[in-house]
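Each of the next two complexes has subunit A plus one other chain: subunit B in the first, subunit C in the second.
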Partner chain A sequence: MTGPAAMTAPAPPADDGRAGLRRDAQRERAFFLSLSLPALVLVGLCAMLPILWILRQSVLTLRGEFTLANWEKLLSSSLTWKSVWTTVELSGATLVLCMALGIPLALALASAPQKLANRLLILVMLPLWTSILVRTYGWLVLLRRDGLVNQALTGTGIASEPLALVYNFTGTLIGMVHFMLPLFVLPVYAAMRDIDGNAIRAAASMGASLPRTLATVVLPLAAGGIRSGAMIVFIYTLGFFITPAVLGGGQVSPVAIRIEKVMSTFQDWGQASALGVLLLILVAMAAAMLAAARRLAGRKGRTHA
Partner chain B sequence: MTPIPITLDALRKTYGDYVALDDVSLAIRPGEFLTLLGPSGSGKTTLLMALAGFVRPEAGRILIGGRDVTRLAPNRRDIGIVFQNYALFPHMDVLANVEYPLRLRKVSRRQARERAMAALARVKLDAFAGRDISQLSGGQRQRVALARAIVFEPRIMLMDEPLSALDKNLREHMQLEIRRLHDDLGITTIYVTHDQREALTMSDRIAVMKDGCIRQIDAPQDIYSRPGSGFVAEFMGEANILAGGDCATLDGTALSSAATLMIRAENLHLDARTCGTDGLRLEGRLAGKAYRGENWLLQVALASGKEVMLSIPAAAAAGCETLAPGDPVAAFAARRHAHPIPAPEAA
Partner chain C sequence: MNLFRSLPSAALAMAMAAPLQAQTLTITTSGGDYGAALREALWAPASDALGYQIREDTQSDSLAALRMQVMSGAVSTDVIQMGSLEAAQAAAIDLLEPLDPGIVDIDGLPEGARNAYCHPFDSYGTVMAWNTETYGDAPPRNWAEFWDTETFPGRRALRANAQDLLEIALLSDGVAPDEVYDVLATGEGLERAIARLEELKPAVAVWWSSGAQSTQLLKDGEADLVVTWNGRAANAAADGGAADYSFAGSVIGTDCLAVPAGAPHAAEAMKLIAAMTTAEREARLTDHILYGPVNPAAYATGLIPEERLALLATAPANAGTSVFSDPAWWVEHGQEAQIAFDEMMNR
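Entry: the complex of A and B
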């Protein structure tokens, strides 16, 4: 809405039409704001209300009296902290793997001719067209003891006996990386595609080798995209449920799994709500940390060759 | 550092059916300022990119200072390049941009800083060292790009239309400045442009390119006044290409009607006295006129239907104002300004 605002700004001081212009601008702004009203109502009703409701649940007894017992029990339980740690570990490992696999992939896509890049991009996006449930069970079939992957490993003699690839941390991680990789690659690819080819040529002409150009020009210029991708991966995976539930086989229990367990075995609404709020706090902390990292990166790094 | 020569030997590059470089051979002298001039698609940028190492020719050789670099990677060629869009690093400030090639060469932090500041001082931007690139104007960015290209004392400089994004006054100012910089440093320089005036202003020699070939290579004065073909004549400036039959001589000797002559617009006059007895006379009717400040442009339709252009300096333009379309006009040119060229190529 800078358009109407900019129109009023340069008006000469004693202009009679000025107030009218400003009124028009305000009316225009109000109109645009009103367009977002349905979305605001939806978010308010469907997101904010439940969150407030959960918050309220976490400090009530089953009979509806105020209590801090839920929180006391939660924070003093080692199971809670174990599941928080598992959550962070899973998200962190997914992020590291997504970066290790995704940055080279984005680089390859960005340096491919546009036509080829568009086709490869469809391949990258293809997994998103199938439901996460289907994909997760697909991995189960592939990774189990007599699955295709283990058959290939033992058949070629790479492994002497089948590896435990599923119903554990490894299996969960594989499923999560598979799900998140396209979502990580997209913003990184977009950022890399935007880099001026002449900037890369200029670096080469001044004597920079390819790895050096990558480190001093390409990655710093793609940093915004990498940060966005990292944010999506880390925050999205903090609340993952289906993948650890199916591929974790009860061995991996991040917070989301704990919530389900507390509900299904104890029907303890208060306890489950407190866990839900804890997860929300975790997400908020991660978002705040990433935002701080961005501010820090914006301040320094201008003078490094 | 002693200036070095560059030799191109039958360089060839094709993209499918399109021939970008058609066996181009060229000898550039040590310390020379050579301009590649041509319309877009003439192959001048491809030639420059081949020199830089970003385009790999299919055949031919490139020798820089006697050394064959045809297969050498771009980062080992030791060439300073100034790009049309500046190609500065937006994530570094001005000083870091200019220090970049020095840091790559493991120059100490202190020395890199000194040399970068000296290079910035050369382009009068030392006061801007701490600025972000986004805070600079187009002209300032181009100066930073220049400083960055000269700071590591490359053996040759390549410039790809470095001024085309600047407005006219700044461009003309920078032309002189770049030429002065070249004269100070003595680096062999190859400059690409499609602006003939820029080429004339800056170059020791100009190579006019078309369709992947060099059509003519000569000093600015020679290429302007003695073009080797109709294409070069028209590309270098306002040229009137005339058949012998279009002109009459003032002294009565006949012109061969088969001859083709080139007369520059500014060498045609309304006053017969300016060209003495040994002159040519053209007759026609005024088709159009335009006032351009320092001169008048007159379009005159000859009897053959051909139109010629006259550029009359404002100081000698008495009478131009009252001329109306359809009025008879006689134009005169000294014989020495009528340059014979080969008959126009069949298109």
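Entry: the complex of A and C
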């Protein structure tokens, strides 16, 4: 894409036809930009304004005077740092599991015949069409002490007594991976579908084993998709509330849960707002890190080419 | 419409009507089935007896509604039903009119329940409930036994909130019911309660956050011992769960009636509160809901059937070892207590 400078650059006087074309192109671009105006207004009103309002509220007392007390209290509390750590831990673990499960799944989908792949994709998408509440409570029913999973484990003698699969970190993680897996698989699958089959055939014809082909040809070519998937999973899960609230049994308290708790037990809007801003900073940091990783990878890719 | 022309005649009509027409008071309740029960049993018969007309208003968040009315200087409510803790918060920021002890019988209440701003009229207990399949005929009989994980092994479920649990922790540690708040007032009391909870923590499988969740945990056998409200424990058993509960050492919470600061008919409102909380009317309320009367005379009326008595937190047979939750302590120390509690949970 060209920047605005290119749009406003004076047309060279020599060729009238070319200047006309450029004017047309400019008009077209302005028209397309104007199409995004309603969306921009909506985002401004519904996302940016509330964020600014929360930011403002985090530095006000109940009476509306300026204060840094909310932030001091927040940053000096061990509860805050514990919840930040839990948040990162949950998102990180979800990401690792999504990659471990999702990359092989995407690979299988991408190498299947198109017709079969389409059918399998519907199966992958199916959970996305179910409400998160239904899915979360579904896991509660499956994972609890007398749930199906534990009945199967104790019935077959694999476990001598019911395992603690829910109301803890494990249960929360299972619920989150289940929610995020389709969102991870889709971009990875798309990237893998786009790989030129000739590249893989070339690797094979030069004697590369399957693992080697995967490591040196397929995965590097699908890296863009994997990075997008990773970004979606990690950033999306930073703000997760319902899953830890239902499956965590009070033992798992990421920032989102902490915000609710500060609101419902202390009615402390200032502190809850400061926590919200902290969560936003966390998201921005994660996004910046992933963007930096992409730039780094892009540079490396160019030097190798 | 010509406002100026109709105004004087309207004023005249009102002036003429006033002596003939009954007083109209506004009562604000939390509505729903509960609000209907309050109407049927308490304010409808009370206002009939006093000759007042009543306008009913419902608010789910009574403290927020009260704050808005008083702050804006447009108080429309004369009597408001609140939780006792919210009421203490409201009184602390001057949102309530002090009750007139000459009209409202404050001293007639049990000592722990008396309040100068909001008159308690019904109650619920935070109780211990257990799985009858796990413990059969020998469940824990008191909080000390609830804490005894060797004699009573099993998964506990507690509310993720310091309220009531601090009192319960001290009871389990041998503090007498009438000394709980004396111990809490010493400053070391809070530490002692938190340390006691931390002792039990390894046996706590779930820290629940909603009453419905506690019923579910009990009913499904996910937890063997659950601290919950008596209505929730009764629900688990009524829904076919292998569950039972006891009022031994229960912590009693109350709902109460108050008059907002600057209420238009404050004097009449006090009379209405007095008439709503007579022994007979409070006893009648238990026909509608399982909230125990706070006026002790209600139990002497003979209006409450035997099998219902067993289900009420304040019934003489149930209240012997219980503690009335003290809203004044919680207003002053609630935040500090909750932070200490959260830190304990996260350690």
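Note that in this section the second predicted complex is superposed on the first by the 277 of 305 C-alpha atoms of A that agree within 3 Å, B and C clash if a C-alpha of one lies under 4 Å from a C-alpha of the other, contacts with A are read in each partner's own complex, and residues count from 1 in each chain.
We adopt the following convention: a residue touches a chain if its C-beta (ideal position, glycine included) is under 8 Å from a C-beta of that chain, and two chains touch if they have at least 3 such contacts.
Values in this document were obtained by computation on a predicted structure and should not be read as measured data.
Visitor: For A:I132, using the defined touch cut-off, is the partner it touches subunit B, subunit C, both, or neither? Pick first, second, both or neither.
Guide: The answer is neither, since A:I132 touches no partner chain.
Visitor: Just subunit B (first), just subunit C (second), both, or neither: which does A:S78 touch?
Guide: second
Visitor: Mind working out whether A:A202 is in touch with subunit B, subunit C, both or neither, as first, second, both or neither?
Guide: The first partner, subunit B, only.
Visitor: A:P220 contacts which: subunit B (first), subunit C (second), both, neither?
Guide: It touches subunit B, and subunit C stays clear.
Visitor: Of subunit B and subunit C, which one touches more of subunit A's residues?
Guide: So, of the two partners, B touches more residues of subunit A.
Visitor: Touching A:L280, do we find subunit B (first), subunit C (second), both, or neither?
Guide: So A:L280 meets neither subunit B nor subunit C here.
Visitor: Going by the contact rule set out at the top, does A:L142 touch subunit B (first), subunit C (second), both, or neither?
Guide: Neither partner.
Visitor: Which residues of subunit A are in contact with subunit B in one complex and with subunit C in the other?
Guide: none
Visitor: Okay, in this complex, where on subunit C does subunit A touch?
Guide: Where subunit C meets subunit A, its residues are 160-161, 205-209, 220-222, 335, 338-339, 342-343, 345-346.
Visitor: Under the touch definition given earlier, write down the residues of subunit A that touch subunit C in their complex.
Guide: Going by the criterion above, the answer is residues 77-79, 82, 144-146, 164, 167, 245, 249-251, 253, 261, 265-266.
Visitor: For subunit B, which residues are in contact with subunit A within the complex?
Guide: 52-54, 73-81, 83-85, 87-93, 95-96, 99-101, 103-105, 132, 148, 152
Visitor: Which residues of subunit A touch subunit B in their complex?
Guide: 196, 198-199, 201-209, 212, 216-217, 220-221, 223, 301-305
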